[in-house]
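Below: one structure in structure tokens.
For clarity, chains are labelled A, B, C and D in written order, and residue numbers in each chain start from 1.
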Amino acid sequence: MTKTKVAIVGASGYTGEELVRLLLAHPNVDLVAATSRQLAGKTLAEVFPRFAHHKAANALKFSDSDAKQIAREAGVVFLALPHGLAAEFAKPLLAAGARVLDLSADFRIKDASVYKEFYGHDHPAPDLLSQSVYGLPEIYRDRIRDAKLVACPGCYPTSILIPLRPLIRRKAIDRTRILVASMSGVTGAGRKVEADYLFAECNESVRPYGVPKHRHLSEIEQELSILAEEKVVIQFTPHLVPVNRGIVTTIYADIAGNVVKMDPAMLFNSAYGEEPFVRLLGDARLPDTKNVAGTNFIDIAWKIDKRTNRLVVMSAIDNIVKGASGQAVQCMNLMLGLPETAGLI
Amino acid sequence: MTKTKVAIVGASGYTGEELVRLLLAHPNVDLVAATSRQLAGKTLAEVFPRFAHHKAANALKFSDSDAKQIAREAGVVFLALPHGLAAEFAKPLLAAGARVLDLSADFRIKDASVYKEFYGHDHPAPDLLSQSVYGLPEIYRDRIRDAKLVACPGCYPTSILIPLRPLIRRKAIDRTRILVASMSGVTGAGRKVEADYLFAECNESVRPYGVPKHRHLSEIEQELSILAEEKVVIQFTPHLVPVNRGIVTTIYADIAGNVVKMDPAMLFNSAYGEEPFVRLLGDARLPDTKNVAGTNFIDIAWKIDKRTNRLVVMSAIDNIVKGASGQAVQCMNLMLGLPETAGLI
Amino acid sequence: MTKTKVAIVGASGYTGEELVRLLLAHPNVDLVAATSRQLAGKTLAEVFPRFAHHKAANALKFSDSDAKQIAREAGVVFLALPHGLAAEFAKPLLAAGARVLDLSADFRIKDASVYKEFYGHDHPAPDLLSQSVYGLPEIYRDRIRDAKLVACPGCYPTSILIPLRPLIRRKAIDRTRILVASMSGVTGAGRKVEADYLFAECNESVRPYGVPKHRHLSEIEQELSILAEEKVVIQFTPHLVPVNRGIVTTIYADIAGNVVKMDPAMLFNSAYGEEPFVRLLGDARLPDTKNVAGTNFIDIAWKIDKRTNRLVVMSAIDNIVKGASGQAVQCMNLMLGLPETAGLI
Amino acid sequence: MTKTKVAIVGASGYTGEELVRLLLAHPNVDLVAATSRQLAGKTLAEVFPRFAHHKAANALKFSDSDAKQIAREAGVVFLALPHGLAAEFAKPLLAAGARVLDLSADFRIKDASVYKEFYGHDHPAPDLLSQSVYGLPEIYRDRIRDAKLVACPGCYPTSILIPLRPLIRRKAIDRTRILVASMSGVTGAGRKVEADYLFAECNESVRPYGVPKHRHLSEIEQELSILAEEKVVIQFTPHLVPVNRGIVTTIYADIAGNVVKMDPAMLFNSAYGEEPFVRLLGDARLPDTKNVAGTNFIDIAWKIDKRTNRLVVMSAIDNIVKGASGQAVQCMNLMLGLPETAGLI
């Protein structure tokens, strides 16, 4: 079987490195290009010694190719670039016929004015927004198959939207009273060389940040509003905790109507019983990031609190895999008509 | 000046060890006894090598003394025992005239039936409940001064009650809609030799636990109800994160009445402007456990979220110091008429 | 192709869990039994939630089977038991015709009196010692293929013997002056529920232990002596460091003869150029446990120190994979005539 | 009693921050100036929130003062600057009459050509080298008292020189065969904003570095040679381990002469029995960084290995306290005629 040629633009960060890991091991694709202005000329093996045994990692050098060159080499292109820059690359890639999976925020927000509100600058390619598909297979599987441009979700949104979807869709909770607390590992900040992310600043440290209006709220509320078919506004607080990988999200929601009739197990099983990457823990076990680290799974547990008439839903993902690169590969599998789990289990 | 003789019963755990640290360095007291059945006969210096330079730590041996003996040796006794056992020790100590600071849950709950509901056994000394004082100086300073029996608060309650007190008292928030997410370091579980707390089970792990009805809810809701002068029920989820020390608590509350009139800075400053161990960060900075580790401070920050009409209040403490042993020493200082900060700053 | 049926005896510890991970994913074997007295009746998925998506992990329950039963079910049996107990299990398994890979120390030491010296009790099956093969494929590949009983090496010995082998064999270093310092992650101690391995005792802690005569010295010196064809005694100090996985070993050796003629690159390349799990970093890069974590690789680097006429050789492995379970699977692959890397890359 | 006015030049790094902590709490000095080009104008409390309760930390702002201004304000000045820059500041400070404690490497090396060999540039103030005193009180106590310019030792040298001193001086070991392996926490690298020191690059990582010729070798060998009264060359390998603070050093030395006569307890007790910051663990206990973290102590243990005729000596310090800022304050206490432990215990 011919393998599809794929490329990564901006492969030097944590999501880029994880894409390298997943794509080198993927049975149906060939990683033919990886770009990084800064690392151009070095092999993948030199930059990422943990891949040093891969022949391809020794053969392939980081390049400084432009979009046209990349589109000539690869039919599928992952963008692991900062927002703003990603959209600028996507334009010529799409024009040249490549299919694009963007891991930045650039194509997640349908409304360019909301993008500007949260990201602080005009959208660089507003005309492309209408054709992008939000890359959450558990919601948009069919549309992803045919997409030319996939906007891969952020890590927090993934950990929040999958658990909330069946609850919102089935009107099991009060959509006006959703509160979320999340805890993320430090790779969530990217390979950003800033004092805040030095070892000694993060180790033995737990801290909230981005309060009260973290950027990811824009895509979370957009998607919840689509599910609810009316405007949804939530409360969301992220916290930084000293692990490399993983997000735990705890969601509080008022149960709509009679608690006696609330059956979260039924709701979750009916929504996700067949999903390859959703593991339902039920109401007897609780999630732990160590069980999902390095995998594309999302673990979901729940508890009904009769004292408060609330449902507490908890999820755990690896922020770099299901929260970024793994989910992007899951989308690519759909786009290429491959088994959805190819290269991921 | 004569120093007061103090003893620690059950000094082998993390709160016991921290009491040793604080009392050895305290200018106004002499640690004259430390008990531990298991460690009896060993010096404090042998068991805790980090105190090996203290003369007293080399001179003082763990004993297996009973309450009567202890009461003969010390006028003030700290109990760092499991719940249930603490009450059994407190009885004869009080009868013998000692003043007791109990770090267990035994005397925190005023209602013996609530104690039984949350702790699973009958209260061992219900007749003592009425005379115990809840050891949170920021609320009960005056009563602590004269107390014979102080029930030192739990770590989570400390991190929740101090921030909520002025908001509840001044009716600035809706007391029916308070939600709390907390993250605790692993010493919070005590020096419990269980597989769940092994290094490799906690490192690279983030996990909720005790959902939805953690034992500390009993004292949190008791104290909030007293403050509100009506029954308060809250939502509370603790999470375990891989740090040795520290709790971050994030509290969500619906603002009561008009958000425009809400002035948290005024409320917090008026309540805590003079408190020696409360540091108000305001709405521009956020708390971080690393700033309070090893200290008796609580750092408090807040943000008004106009989008949701909520107030988000965040606190950080060292769970073993302000959340346990440091606060107990603060109470002792009050009981002995010493400067409240003696041995703590 | 028919898959070989394999079993794990004592699957509740870290090496047992890692065997479960590797064998569930292995393309050529079926894990048909896993024993644990304590966990009998629970499924693998219940005990190890990170395998919850595997059908086999949900189907297979921990059993309390004895050796005879196991030998009826599986042709290849891994023993992940404490020393002493392992030998007792091996005997009936071998008698019943099973091939055994023992991860304990029981069959590593050829001389029962040395075993007693280092392990403190008589060897439970001295008659089996002569037929066991030391399971280090880089040295004993051919003998492993035909072995009935493989004694899988300890983690420290693996990290020391592979780097030293070509140097000793080619007499490039003075075998009387070898000094080793190793640093190990906490899983190296096993899932031992002891206070020393609690999170708060290991986190923010670095400490030597087992000085000066760690048990692994017995097998290290045995194997070095075989390579040198004369008695070798070395200096070895292990240290515990707060990571889950990984060993870094730093070896100091006096260069034999003329430093100018010393060519470690040639020696290592000629010995290991074709080895599938040895990655030679040369003298320009240094090893890091994070590059081998979760893999069966050993990374080896070296530096000649002209100032002291010494060679400094450094290696990194994952103590649970190349240092235990992965290496055991590598041996199994050899025994079954499978590609040596099957299920490991 | 009048307090001595002290200043810190370059107070933004980890050693600077630790000096702030120690000097704010010191009973006999007033911190009157702290400089940082980058932070000028901000208060100490703003930059270091953990000192926010100190009045002085709120009153004192970082300044961008030059040496002359500083010398007018303070009689004692700590330099926490990069090497090269420190010497440039020291010159005018000394000329203006200030006493200087330099925490960089600039005045540690007596021979400007050795400085150039190890630090790669000409010494900026070679004429000052003769008057500087190496700030290790356990060796140079008397000379430190009268010094105008103290060169505070590096962290590794402190952990190596104190244990080796009595062994070298009493010729108990073979000075030609000393090998050292050290493990350091990440603050040892300073608050350097480089990718290598990001949390996710250090967490779950153990790695040697600076092999075979780390810069600290220059001062280690200089001081050992002075003690031995002949040239000493040693082997030294540092490793980076994921803790915030702490160095463990393991030293291997051939016992000189008859092992039967070797009495390390006598040697260490006679050398350090009265030292306020040296804690001798003997041959029954082993050091652990967690016992010295946050303190100015060095813990020393030893084992005789009869199998190899070697002595293994192990030490633990906090790299930022005894390995840097605490030791500098210890030197200052000597210079000011204060109790040596003032502000340190």
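In this section, a residue touches a chain if its C-beta (ideal position, glycine included) is under 8 Å from a C-beta of that chain, and two chains touch if they have at least 3 such contacts.
Just so we're clear, the structure is a prediction, and the values are computed from it rather than from any experiment.
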Labels of chains that are neighbours to subunit C and to subunit D: A, B
Path length in the contact graph (subunit A to subunit C, fewest steps): 1
Cα-superposition angle relating the copies subunit D and subunit B, to nearest 5°: 180
Distance between the centres, which are taken as Cα means, of subunit D and subunit B, whole angstrom: 37
Distance from the mean Cα position of subunit C to that of subunit B, given in whole angstrom: 46
Subunit A and subunit B: spacing of chain centres that average the CA atoms, whole Å: 39
Numbers and ranges of subunit A residues touching at least 2 other chains: 185, 201, 203-204, 242-244, 288, 290
In the complex with subunit B, residue positions of subunit A that touch it: 177, 179, 181, 183, 185, 201, 203-209, 211-213, 233-235, 237, 239, 241-248, 250, 252, 286-290, 293, 303-305, 307-308, 310, 312, 314, 316
Subunit B partner contacts - residues on subunit C that touch it in the complex: 14, 185-187, 191-195, 197-204, 242-244
Interface residues, subunit B side, partner subunit D - complex: 49-50, 52-53, 204, 276, 279, 281, 285, 288, 290-292, 294-295, 297, 299, 345
